[in-house]
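Each structure below appears as structure tokens.
First chain A sits with chain B, and in the next complex the same chain sits with chain C.
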Partner chain A sequence: MTNHWVDIKNANLIVVMGGNAAEAHPVGFRWAIDAKINNKAKILVVDPRFTRSAAVADEHVRLRPGTDITFLNGVLNYLISNDKYQQEYVREYTNASFLVRDDFDFNDGLFSGWDESKKQYDKSSWNYQFDEDGYARRDPTLMHPRCVWNLLKKHVSRYTPEMVEQICGTPQADFLKACEMFAETAAPDKTMTSLYALGWTEHTVGAQNIRTMAIIQLILGNIGMPGGGINALRGHSNVQGLTDIGVMATALPGYLGLPNERHVDLQTYLNMSTPKMTGRGQVNYWGNYPKFFISLLKSFYGDKATPENEFGYHWLPKFQQMVDAMRFIEMTENGEINGFLVQGYNVVACMPNKHKSIRALSKLKFLVVIDPVASETANFWQNHDEFNDVKPEEIQTEVFNLPSSLFAEEDGSITNSGRWVQWHWEGAPPPGEGKTDSAIIAEIMMKIRELYEKEGGRLPEQILNMAWDYSKKKHPSSEEIIKEVNGKALADLYDGNGTLILKKGQQVSSFAQLRADGSTACGCWIYAGCWTEAGNQMARRDTADPSGLGNMPGWAWAWPVNRRILYNRASMDRNGKPWDPKRQLLHWDGAKWTGYDVPDFTAAPPGSEVNPFIMQQEGVGRLFALDKMAEGPFSEHYEPMESPIGTNPLHPNVVTSPTVRLFQRDAAELGNTEKFPYVGTTYRLTEHFHTLTKASELNAMTQPEAFAEISETLAAKLAIKSGDMIKVTSARGFVKVKAVVTKRVKQLMVNGQPTEVVGLPIHWGFKGATRKGFLTNVLTPSIGDSNTQTPEFKAFLVNVERVS
Partner chain B sequence: MQVNRRQFFKICSGGMAGTTLAALGFSPSEALADVRAYKLLRAREVRNTCPYCSVGCGILMYSRSDESGNVKESIFHIEGDPDHPVSRGALCPKGAGLVGFVHSKDRLRYPEVREAGSKEWKRISWEEALERIARHIKEDRDANFVETNANGVTVNRFTTTGMFACTASTNEVGYLTQKFVRSLGMVSVDHVARI
Partner chain C sequence: MSLQTQDYLARSGTNALTPPPRARDAQLKVAKLIDVSICIGCKACQVACAEWNDLREEVGFNVGKYENPLNLSSETWTVMRFNEIEENGKLQWLIRKDGCMHCSDPGCLKACPSPGAIVKHANGIVDFISENCIGCGYCVTGCPFDVPRISSHDKRAYKCTLCVDRVSVGQEPACVKTCPTSAIRFGTKEDMKHVAEERIAELQSRGFANAGLYDPEGVGGTHVMYVLHHADRPELYNGLPKDPKINPLIGFWKGIFKPLAAVGFAVTFAAAALHYLAVGPIDPEEHDEEEKS
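Here is the complex of A and B:
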């Protein structure tokens, strides 16, 4: 979230699209209701289903799963052509006025630079025009035909209300009603907040769904404002934290990148990773990249990291290709993987195409599952009739099941969606012989070290030089680890005037203190400040709210540097006048910016040329994404990989996203409308958390059995009554579930043909306290977003039959 | 006067017993000795955060601590933390069932192994589990580690064993896991954020 949960109360319009917050984040959603009651806010829900969020909305507008970009580009078209945007914000704080290269183009579904033989883009034309000093050219009048604003206007002009109706199945009148609600927040003193979740991410165009809303929020002037922003409602309690810590294929902590094969040495890596400033006089904060990275190497390798050995740079692995979860499963099925350690991740239940997951795990030599409860993954080799139809004797995988603690049995911090890092305490030990997750990792690590110390092996120094300076090596305490993450001075540190800032050994209080010369260590630069010399900031419990805007600066700690609203400098005009005096966060006190939040800015005075988006090379919000996205700098509608209309009305030659990664085996398991005429979409219920709560009897009682939601028209056509057993089949397999015939899903008219949506919750399996059920992910395709490789769980094709 | 939650319960229980029973003719001191105190009084109260969605609701957990030390502490009640500025004491239907998750019948209690081709789990000691796992990892790493690529660039990577991490883990477990996988040269690493 750019903002945070309580801040939702400041919104004038709450758009719930790509999620169902009332169901999936019910307690956080109370702040939307607060806004409705106390701020006269309206709630707009755009969703294929009439959800629990829709039930309390002022307007619910339906669309077909997988057509959000069409809808949102239609909104953009409406806002631009009706002059409903915040003009000063657009001119000053976005790249609307920047000139784009003459060879950038978009034609018949493809952006310039497409190479059909390689199936990839040469992105060099997706860039600005630069002057002789290397700064981007601009036209503040927005008249130049090559400025971003005019290119955007032209790009979205194809998304007329008629086109929206044809692709999304949304009646034009409903669509225009939604547009008018968006448009009201173009006023500088009105804000809209966007609440989204997996309903946007789980598409082959997931990241572009979100980008399209980001463009809308920028032109409405809603980024940086209390009650505004782009607010990802994360799916799990610490998705935010684990992502911040970068436990991913190509990531390191703090959104630094794991080196790849082109980064042949430290200097090359730093040169390629550190962005150059492209706007005159701007901040370009990522220019500090080397300070963050060298401090990380010092945290990893301690005294072993020296300038002579490039601070241990070559002990980090360099990757060849991103081995994300789906590629990993594909490689495992190919026999390219021997071992697999799984920490609390129910792979068989959560990954798409369950049969593929089972085939892959069956090829492993060993599988280690670290989990507090029995999962389908640890038990994938067990036969459970048609729920898990395998032959154990044919599966040669050696499987270990290690009992771990859960939340209540450990100390530590987790980071909520609003970036609040909150400390918690252990209430009891895990049952039986269970151990904490950190103890399990540490003990495996120490065992491996012992073996390498005793026997040698391949590159033992990579293992032995990783700093492990914990008082109990086999059981590092959370306090010790998070203090290491926060970082400390490794020598006395002085500022430019020769004043001592920190003594050797003291905890840093901000990433601004980090150095690139090896005199600081920091495990995750954005977490610098969470445990300072003043102690554990994450455990703070001051509920004071001096601004009345709900920022609660004394409760826990938010990254970065306890800032509650990102980009908050953009809540004021260039001279520091707030767009809305009722939501003033910051003011200039004559020497610096100060106020109710930590300024997201430098000490540049009011009226300076310094732009508010200091993390960007040019300091402005990007309507045109340069080369940062796989599919193109603007967003374009592409059909789901399994499309119910089989064409793209905008450009029939390019139906689905051209940049999607498609493994041969998965391509063979794609279906079409002849056999699978209905659109399947998966989702969650408020009573359950994914496949975890089925282990809890209290939750199992409330939603004991799998079901699917179908419309009254589909039920009538197939002679299905509520409570009948139905078989839902995709090109990957089938599930049998109870039918719920409901008005919550409805037939839509798409591209001139009636289209049915089948709703499939995901909470049951062959383990747990609920009734045994099929894992819904039997049905879903193993294909992901081109940027994130998040699977397309939200739009695929199925057939439905009544089971006698 | 500063009164914390526990003192508040004590005052309430003592006060109520005192007034009602004194009115019936008992002396307050005897009455205080007779009335059974609230169960929460003997509990240890600990603050935590709900592990399900990302709202981060505050929770209070109550566990019974047996001071004699021969009974393991056990959590018997979990409720919303009324001081929490986001959740203000509320929990959703998921969070309301947390105590059921802590005491799930599916909790694992000791290390187990399922041998290749077997139809069942076999209980093993931690020592055996750790030794076998460490041996597997070392054998695979030593057999498949890549020091340099075809162009002679140092790459020091190990692709044939992978790890997926959990997003209910703490930041501390995440950081330890990051150090663990990179110290082995592992690049086949992911966590639940993508789904």
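Here is the complex of A and C:
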């Protein structure tokens, strides 16, 4: 979240799209209700289904799964053509005025630079025009035909209300009602918050879904504002922390990149990773990249990391290809992987195309599952009739199931969606042989190190040189780990005036203290400040709210540097006048910016040319994404890989995303409308958390058995009654579930054809306290988003029939 | 075994001449306010109720709807009811938490023949003292909201206690504590009516002209009240009765016949007393002798 949970109460409009906040985030949703009651806010839900969020919304607008970009580009078109945007914000704080290279173009579904033979883009034209000093050219009048604003205007002009209706199936009247609600927040003193989750990310165009809303929020002037922002509601209680700490295939902690094969040495890596300033006099905070990275290497390797050995840079793996979870399963199925260590992850239930996952796991020599409950993954080899139709005698994988603790059985920090890092304390020790995850991992690590010491092996330095300065080597405490993450001075540190700021061994209080010379260590630069010399900041519990805006700066600690609202300098105009006096966060006190939040800015005085988005090279929010996205610098509608209309009304020659992640074997398992005429979509219910809580009796009581939701029209057509058992089939397999016939799912008219949506919650399986059921991911296709490789769980094709 | 509270305003199967202990009645009336318009149907209240009261319903089935458990039972004291209403092209998903309404004039208590099996506390809570329950099921027929359920295991009646154990030590009911959107509130009845007024005004400003409070007169008002967007049509919310009344037969039985019965009892007692005065006590020795012989 750019903002945070409590801040939702400041919104005038809450758009729930690409998520179902009331259903999946019922506790945080209290702030949406608070906005409704105390701020007269309206709630708009845009969703294929009438959800629990819709039940308390002012408006619900339907669309077909997988068409969010069309809808949102349609909103952009409406806002721009009706002059419903915040003009000063757009001119000053976005790249609207920046001139784009003359060779950038978009034609018939493809951006410039497409290489059909390689099936990839040369992104060099996706850039600004630069002057002789290397700064981007601008036209503040927004008149220049090559300025971003005019290119954007042209790009979205194709998304008329008629086109939205044709692609999304949203009646024009409903769409225009939604547009009017968006448009009201173009006023400087009105804000809209966007609450989204996996309903946007789990698409082949997931990242672009979110980007389209980001463009809307920028032109409405809602970024940096209390009650505004782009707010990802994270699904697991600490998945934000997991993302921050970089547990991704190509990430290092704090959104630093894992080196790849082109980064032959430290200097090359740093040169390629550190962005250059492209706007005169701007901050370009990522210019500090080397400080964060070298402090990370010092945290990894301690005294072993020296300037002479490039701080141990060469011990880091250099990737040749992205080995994300989807590729990992693919490689496992290809027999390229022998062992799999699964921690807190129910692979068989959570990866798409369950049969593929089973085939892959069956090829492993060993599988280690670290989990607090008996999961389908640890038991993938068991036969459970139709629910898991495998032959145990043919599976040779050796499975180790290591019981771990649940969150309430350990001390530690949990980072919530709003970046608040909150400390929590053990309520009870784990039962039986259960151990904390860190104890399990540490014990494995110590054993591996022992084997390397005794027997040697390939690349022993990675293991042998790793700093492991915990008091109990096999059981590092959460305190020790988070203090290491925070970082410390490895020598006395002096500022530019020669004043001592930190003594050797002291905890750093901000990433501003980090150095690129090896005199500081920091495990995740954005967490610097969470455990300082003043102690554990995450354990703070002061609910004082001096601004009344819900920032509560004394409650726990938020990254970065306890800042509650990102880009908060953009809540004021260039001269420091707040867009809305009722939402003033900061003011200039004559020497610096100060107020109710930690300024996301430098000490540049009011009226300076320094732009508010200091993490960007040019200091402004990007309507045009340069080369940062795989599909293009603007967002474009591409059909889901399994499309119910089989064409793209915008450009029939390019129907689906040209850059989508799809392996050959998986392409052969895609279906079409002849056999699978209905649109399937998967989702979560409030009664359960993924596949974990089916192990809990109380959750099982409230939603005991798998079901699918279908419309009254589809039910009538197939002679299905509520409560009947139905079989839902895709090109990958079938599930049998109970039918819930509901008015909340409706037939849509898409491209002139009636289109039915089949809703499939995901919570049941062959283990647990619920009724035994099929894993819903039997049905879903193994396709990934081009940027994030997140699987497509939200739009695919199925057939439905009644079974007796 | 229940702790004695000495605050009963009414007690089932008990004559007005022998009133229940009620010395401690200087209490404000309490109420739970359920604001249906901001309820998201998450069922956290169901789970909190089960956890606090140590209730475990059997894991059931899906029968084609969101409700689960499907109905109230001796192990399920509250359930969410889901109703899809489509009018003038506008769909609404009306979600109502169902359970005991804690009537000021409780039909269950009036119907109950077993002394002390149902009591009404000074704060308005209507509670079942199960050890006194004889399992006759009269409370089930006496309830205009179809709430009490007879356990198939112990043949006694059960329902929501309004967490009387929590309330009596100054805590709110478990469902109130857990509700994430504050759709369930708890306080004095007066305060809750005030909260409801504000909510109703807000709903009316959003176009729900018939928003209102459900606190039906026919049962003397209730200590569980609803804010409804369509207070003119409570039936939309899974058949919430528009004008609930106690079954007139019970009214007759307990309202008119009961004093007559009391008179009958008094006459019988008086006759016995006269007999004692006139004839004197029974001589136990006479009996002993008779038994011996």
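Assorted remarks:
Heads up, the rule we're going with is that the second predicted complex is superposed on the first by the 804 of 804 C-alpha atoms of A that agree within 3 Å, B and C clash if a C-alpha of one lies under 4 Å from a C-alpha of the other, contacts with A are read in each partner's own complex, and residues count from 1 in each chain.
The working rule: a contact is a pair of C-beta atoms (placed from the backbone, for glycine too) under 8 Å apart; a residue touches a chain by one contact, two chains touch by 3 or more.
Treat the numbers as computed from the prediction; the structure is a model and nothing was measured.
When both complexes are overlaid on chain A, the residue A:A769 reaches chain B and chain C alike. When both complexes are overlaid on chain A, the residue A:A55 reaches chain C alone and has no touch with chain B.
Touch criterion not met for A:M725: it reaches neither chain B nor chain C. When both complexes are overlaid on chain A, the residue A:A173 reaches neither chain B nor chain C.
In the overlay built on the shared chain, the residue A:E687 is in contact with chain B and with chain C. Of the two partner chains placed by superposition, chain B and chain C are both touched by A:P26. In the superposition on chain A, contact of A:M272 is made with neither chain B nor chain C. Residue contacts after overlaying the shared chain place A:V803 against neither chain B nor chain C.
In the superposition on chain A, A:K36 contacts chain C only, with no contact to chain B. Residues 26-27, 30, 686-687, 697-699, 702, 769 of chain A contact both chain B in one complex and chain C in the other. Only residues 37-44, 46-47, 50-51, 56-66, 68-69, 84, 86, 91-95, 180-183, 199, 202, 205-206 of chain C touch chain A when the two sit together in their complex.
Within the complex formed with chain A, the residues of chain B that make contact are 44, 46-58, 61-63, 72-75, 78, 83, 85-87, 90-102, 104-119, 121, 126, 129-138, 140-142, 144-145, 147, 149, 151, 153-195.
Note for the complex: chain A touches chain C at residues 22-23, 26-27, 29-30, 33, 36-37, 40, 50, 52-56, 58, 60, 686-687, 697-707, 721-724, 738-744, 769-771.
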